[in-house]
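Presented sequentially are two complexes of chain A, the first with chain B as partner and the second with chain C.
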Partner chain A sequence: MKYLPLILRNVTRNKIRSIFTGSSIAVSLFLVVMLYSFLSVQDANNEASKVHNRIIAMNVQGLTGDVPIAYVDRIRKIEGVRYAVPYSWYGGMYKDDKITFGQFGTDANSIMNVLEEYKLAPEQLAAWKADKTGCVVGSILARNKGWKLGDKVPLKGDIYPVNLEFTVRGIYEGSSSTDREMLWFHFSYLDDSLKEINAPTAGNAGIVMLNAESADIMPDLMKKIDSTFASSDAPVRAMTEKQFQQSFMEMMGNVRGFIRYTSIAVVVALLCVAANTMAMALRERTREIALFKAIGFPQSTILGLFLSEAVAIGLLGGVFGALGAKLLFEVVDFSKWVPGLGWLYVPWSTALAGVALATAIGLVSGIYPAWRAANVSVVEGLRKIV
Partner chain B sequence: MSDNHAESIVALLNVSKGFMRDKLEIPVLTNTTLHIPKGDFVAVMGPSGSGKSTLLNLCAGLDRPTTGKVIVNGQDLGELSEARLSKWRSENLGFIFQMYNLMPVLSAQENVELPLMLTPLSRAERRKHAEASLRIVGLSDRADHYPRQLSGGQEQRVAIARALANDPVLLLADEPTGNLDATSAQEVLDLLESLNEQFGVTIIMVTHDPKAARRAKRLLHLEKGSFVQADIEALETSLRGVAR
Partner chain C sequence: MIPIKYNLRSLMARKIGSLMTIFGTGMVVWASIFAFGLYGGLEKTFNTSVSPLDVLILRQGSTSETASAVTEAAAREIMTFPGIATDDQGNVLAAPELVVISYISKRDGSGNANITVRGVLPNSRLLRDNFKIVAGDDFRPGVREAIVSRALSDRFQGLRIGEEFIVQDKPFKVVGYFESGGGTSESEVWTDQRVLAQVANRTGATSSVQLRAVSKDAQQQLIDRITADEQVALKAVTEEQYYSDLAEQSFFIKMIGQIIAFFLTLGAMFAVANTMYGAIASRAREIGTLRALGFGRFSILAAFLLESLVLCVLGALLGCAGALLLGEIRTGTMGGSFTEVVFSFNFGPDVLFKGALLAVVMGLIGGFAPALRAVRMKVVDALREV
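And then the complex of A and B:
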């Protein structure tokens, strides 16, 4: 390690070039780490929600089909079901918002028992139950919109032909793996408004969400739900919450594959950039390398010096890019600009994997130039006039 | 000149060296035998392309002869692998080049320490050795300067300090004054002379400059592949003739 000062000075000797190479690695790593965090955090959250034994029942046609509201009570009576609630996506627009957020018509009596990891103060729950137009909002959503208890939230119907105005009666909390950007309201408020205008969709819930008494009975329970409504007008398909999330992801296309291939392309591009940097350094320093060898430095040391330099550039880029992404997500709340990203953060494991990836890129990019450096001919190198 | 190569620091025995160019071998040295005794200070002159640098490369084991043996400080260089040759060079030789070849990212002091990185010396010991070398070349006050902050003459003196750092038995200098003005050249030559006289370092110096050659104890002229023992007196007279 007595060569460390020399390596660092070689890294910084052509500052502009090192900065460009380092920043290419940093910026790309930043993106890759973010994309992978998106996947890993989602996986982790899906995994974490498994303990709640939740099942989703939806129309066999998928999310476009409806489930009659009467099914909720029938499902509640099936053995092994603890609580069941309707869960209807309203999709209304708030003021000038371009993107909607999660608004769900549900059942105030049971929703906190189904989504048991969410916390709502008992007096706020009571206030919500007592107000037909009341709603409960997630803490991040409330912060981003500046809503307080008692505030009015007017939403313009987009999917449904009715506008709804809510009053905030509660603000729910949850751990970092929970979605705190949702709005829950009484399903009956939406349904009654639809009945008033004789809308054909009245009397239908989007999906039914329920929790089972234990994990072991879930497969049987899902079969039972399927068979209960198999011969009705609106047959349903029951699936675990995790399967539901995955089918949701698949609707966005093969996101995973896309992220993976994009990342591979980025890594290959970075390898070329970094290798080119080292190749240029090699060309400029042929004389110096020849001198090192003349003085008696063994090939292995020259190989090591060059490789270390490449690794150092990769490592620096990785630290700035990957740890920068981590830091940025800690400091800046992106849900302000991109609703629905409030749950996203960069886990340490993903950030460190990013640093390791950048280091590996440095190492691999340095192998060929370093090998060339170690094999510079002293006689030729010293004759060369740069 | 002694015929017993045991006393010689450098012995070339029937050495030939040629380079292949377009499948044709261009001979540079032909069947040359040369002995340089310990403590000598030899100047090598000769026309451009006559093989002066090639001679130094052979003595340093940086290049291998086509035929013949090169024995330096009792070691037959042909017997050593590349890796052992590297180590051997780091322990026995010092190099000085026309282009100085200092590392621009290292200070004078650090440049001088470079060859000592290959020794088991501690950081503090390396520093002490480097300081001593810089003192010998009279640049103690420039230890922290970087090559770009030094004049050509100072750079060359740092290069000499670097060559001295590992206590070499043989100093190989390829046109050490070739890039210097007259005054700086004088300083460098003074230095080489005193290294030879006071420390007994054997020096082989390639030069194009008769004034530089005159400072050596002996002059070898390389022409058409072999050495001619030249006469410094004759050189002096001819120089005086030129001056007049």
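And then the complex of A and C:
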């Protein structure tokens, strides 16, 4: 510990170099932490949703297959099911948006019981139930689009050949792990509009979302749902909400692999950068190190001093980069520019892992220069003119 | 001007430091190319699907074929419109096609994806440039046979020649592999339109009409005429428009690539600046000598900028070589309308050039401040430095 002032002095000796190395590490770590947060938050949210015992039943042919609306009532009657609702993706386009957001036709009587972690004021729920063309929107979505209660939201049908116009009757809230960028409306509104034009796509619930009475009965319940419709025209497969989310991620492709490869490249690049810095420090101080050794400092101390300096720079970069990422996501809301990212934040575990990674980079990059420093020959070193 | 030999020899004199910097920037360029190549590959797949004179007719409001429906009557009428090209037998180059989705498991066990199964007519082949059967046979009309691309067959179960896959609940047998110049068709399974319509219970309706106009003018007239007809409620778009809209839906991948490249380049700039500061600090006397010999300030600035540029360009070459060494990486993601698009990373000249351009930016910006410091050195002080 008594060497701490010396180490800090060495770190701040060539300020520009330390700042630049630290910045290089910080900027790169910022990126890595951001990318990994994307994965870890998703995993955490999936994990968090487990307590709600939700099951999704979808057509064995995937999301684009039919689940007849009559299935909802049949599923509701199966023992162990608390509530069941249709959850039909409408996918309409708002104004000139190129990208759609989550719009689901569902059942106002039960949706708040199925998605029990979401909060909607009772009078708003009542107002929504009373209005056939009413809808309820997430708080982030409402803010980003500037919608207030009573506003009209016209959507152009994309998947479905009908345009729907909604009136905002409620704005739901939820914790940071919930998706507050969805719009829920009455399934019957979509379905009746489809029936009016005799569309063959009428009567499709999309998927059925339900919650089980307890976690223990879920495996049996899923089997029961599967077998109930096994020999019908539209057999379904029941899965936990987590499995459903995972299957969605899998369709996006190898996101995990992509993030991993990028991060590995970043780490290797940073190792080079940090090692280079330490090598430069070593070159400048060869004479000084020789002097240290000449007056009796053991090799291990020199080694320790150099390694500590490398670790300090890595740590500094990591703290700024990883904690900077955390801070930025706390302060700035990116969902304004990137719809659908309202749930993203940097968890402490990921930020701290980033700091640890930066420290490790500092340590590893310092090993060879430190070893060289420890082995500086006293005679040669003293004679050396930089 | 100071001869470039001076810079090259200086770089050689600090071998380890130079190599570290080159390797670091190389990793950054490599990672950026990797990120650009992902979106570049997707974009290329969409672009090569475009024939400039082709028109795609969809239901009004739908942005993809999956969600579209065109009645047989409307399709037949459109095919009589003037301005449509003909093949050498005098048949119009237009094909009403049916698109059905099948949910198929990936070979590597990482879940399922929605695969586009396209029911085609004989003319469909002429509407895709460079369509050819490369292995096995074409499917026979009237039976449940299908052809796929090799890329798709490697990625999904049941799609190799001789294997079977399920559409709705009927098995189809794969009899051959086709190519179509790398476009989106290579992410599809092709089969007989009539057979598919029967299996999918969609006789009498098709998803879209593809046609080729005789000229750009005729193309516009056809589009105007079809769009103007309020009764049939169809929309006609050029293939170019259709695919650029689809590409836009994958903006997320593009954005991630740009974010990665931005942060990595920023990080690398600091590292380059560090290296150059080190180089200049240890060569103060040399710089003083050069100035004393009569080299002007501008020469010094140019020389050091050049040196930093050389470092980065060497890094860029390393990064490009690294990307090329990866060879062809096939991957897939969810394109528009939840269906799988299979594509290869694009490490073509344009993507490599973008990566190299980043290196030039790193070199110029990162090297500027250090070079400026070299210029500002007072000759007397510089010469006095040890």
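Observations
Operating definition for what follows: the second predicted complex is superposed on the first by the 386 of 386 C-alpha atoms of A that agree within 3 Å, B and C clash if a C-alpha of one lies under 4 Å from a C-alpha of the other, contacts with A are read in each partner's own complex, and residues count from 1 in each chain.
Throughout what follows, a residue touches a chain if its C-beta (ideal position, glycine included) is under 8 Å from a C-beta of that chain, and two chains touch if they have at least 3 such contacts.
Nothing here was measured: the structure is a model prediction, and the numbers come from that model.
Room for both chain B and chain C is found when the two structures are superposed via chain A, with no clash between them.
In the superposed model, A:382 lies in contact with chain B only, and not with chain C.
Put simply, the three-chain overlay gives an angle of 90° at chain A, taking C-alpha centres for chain B and chain C and rounding to the nearest 10.
Once the two complexes are laid over each other on the shared chain, residue contacts for A:2 go to chain B alone; chain C is not touched.
Of the two partner chains placed around the shared chain by superposition, chain B is the only one that A:13 touches, whereas chain C remains out of contact. Judged by the touch definition given at the top, the superposed model places A:139 against neither chain B nor chain C. By the touch criterion stated above, A:299 is placed in contact with chain B alone, chain C being left untouched.
Looking at the shared chain after the overlay, A:288 reaches chain B, while chain C stays out of its contact range.
Minimum Cα-Cα distance between chain B and chain C in the superposed model: 9 Å. On chain A, the surface patch touched by chain B in one complex and by chain C in the other comprises residues 385. Residues 16-17, 20-21, 23-25, 27-28, 30-31, 34-35, 60-65, 91, 93, 98-99, 156-161, 163, 200, 246-247, 250-254, 258, 261-262, 265-266, 268-270, 272-273, 275-277, 279-280, 283-284, 338, 385-386 of chain A are the ones touching chain C in the complex. Across the complex, chain B is touched by residues 2-3, 5-6, 9-10, 13, 287-288, 291-299, 378-379, 382-383, 385 of chain A.
Residue ranges of chain B in contact with chain A, taken from their complex: 53, 57, 60, 62-63, 82-83, 86-91, 93, 95, 97, 99, 101, 103-106, 110, 114-115, 117-118, 123.
Per the touch definition, chain C reaches chain A in the complex via residues 16-17, 20-21, 23-25, 27-28, 30-31, 34-35, 38, 59-64, 66-67, 69, 101-103, 106, 110-114, 168, 205, 233, 245, 248-249, 251-252, 255, 259-260, 263-264, 266-268, 270-271, 273-275, 277-278, 282, 331-334, 337-338, 340, 386.
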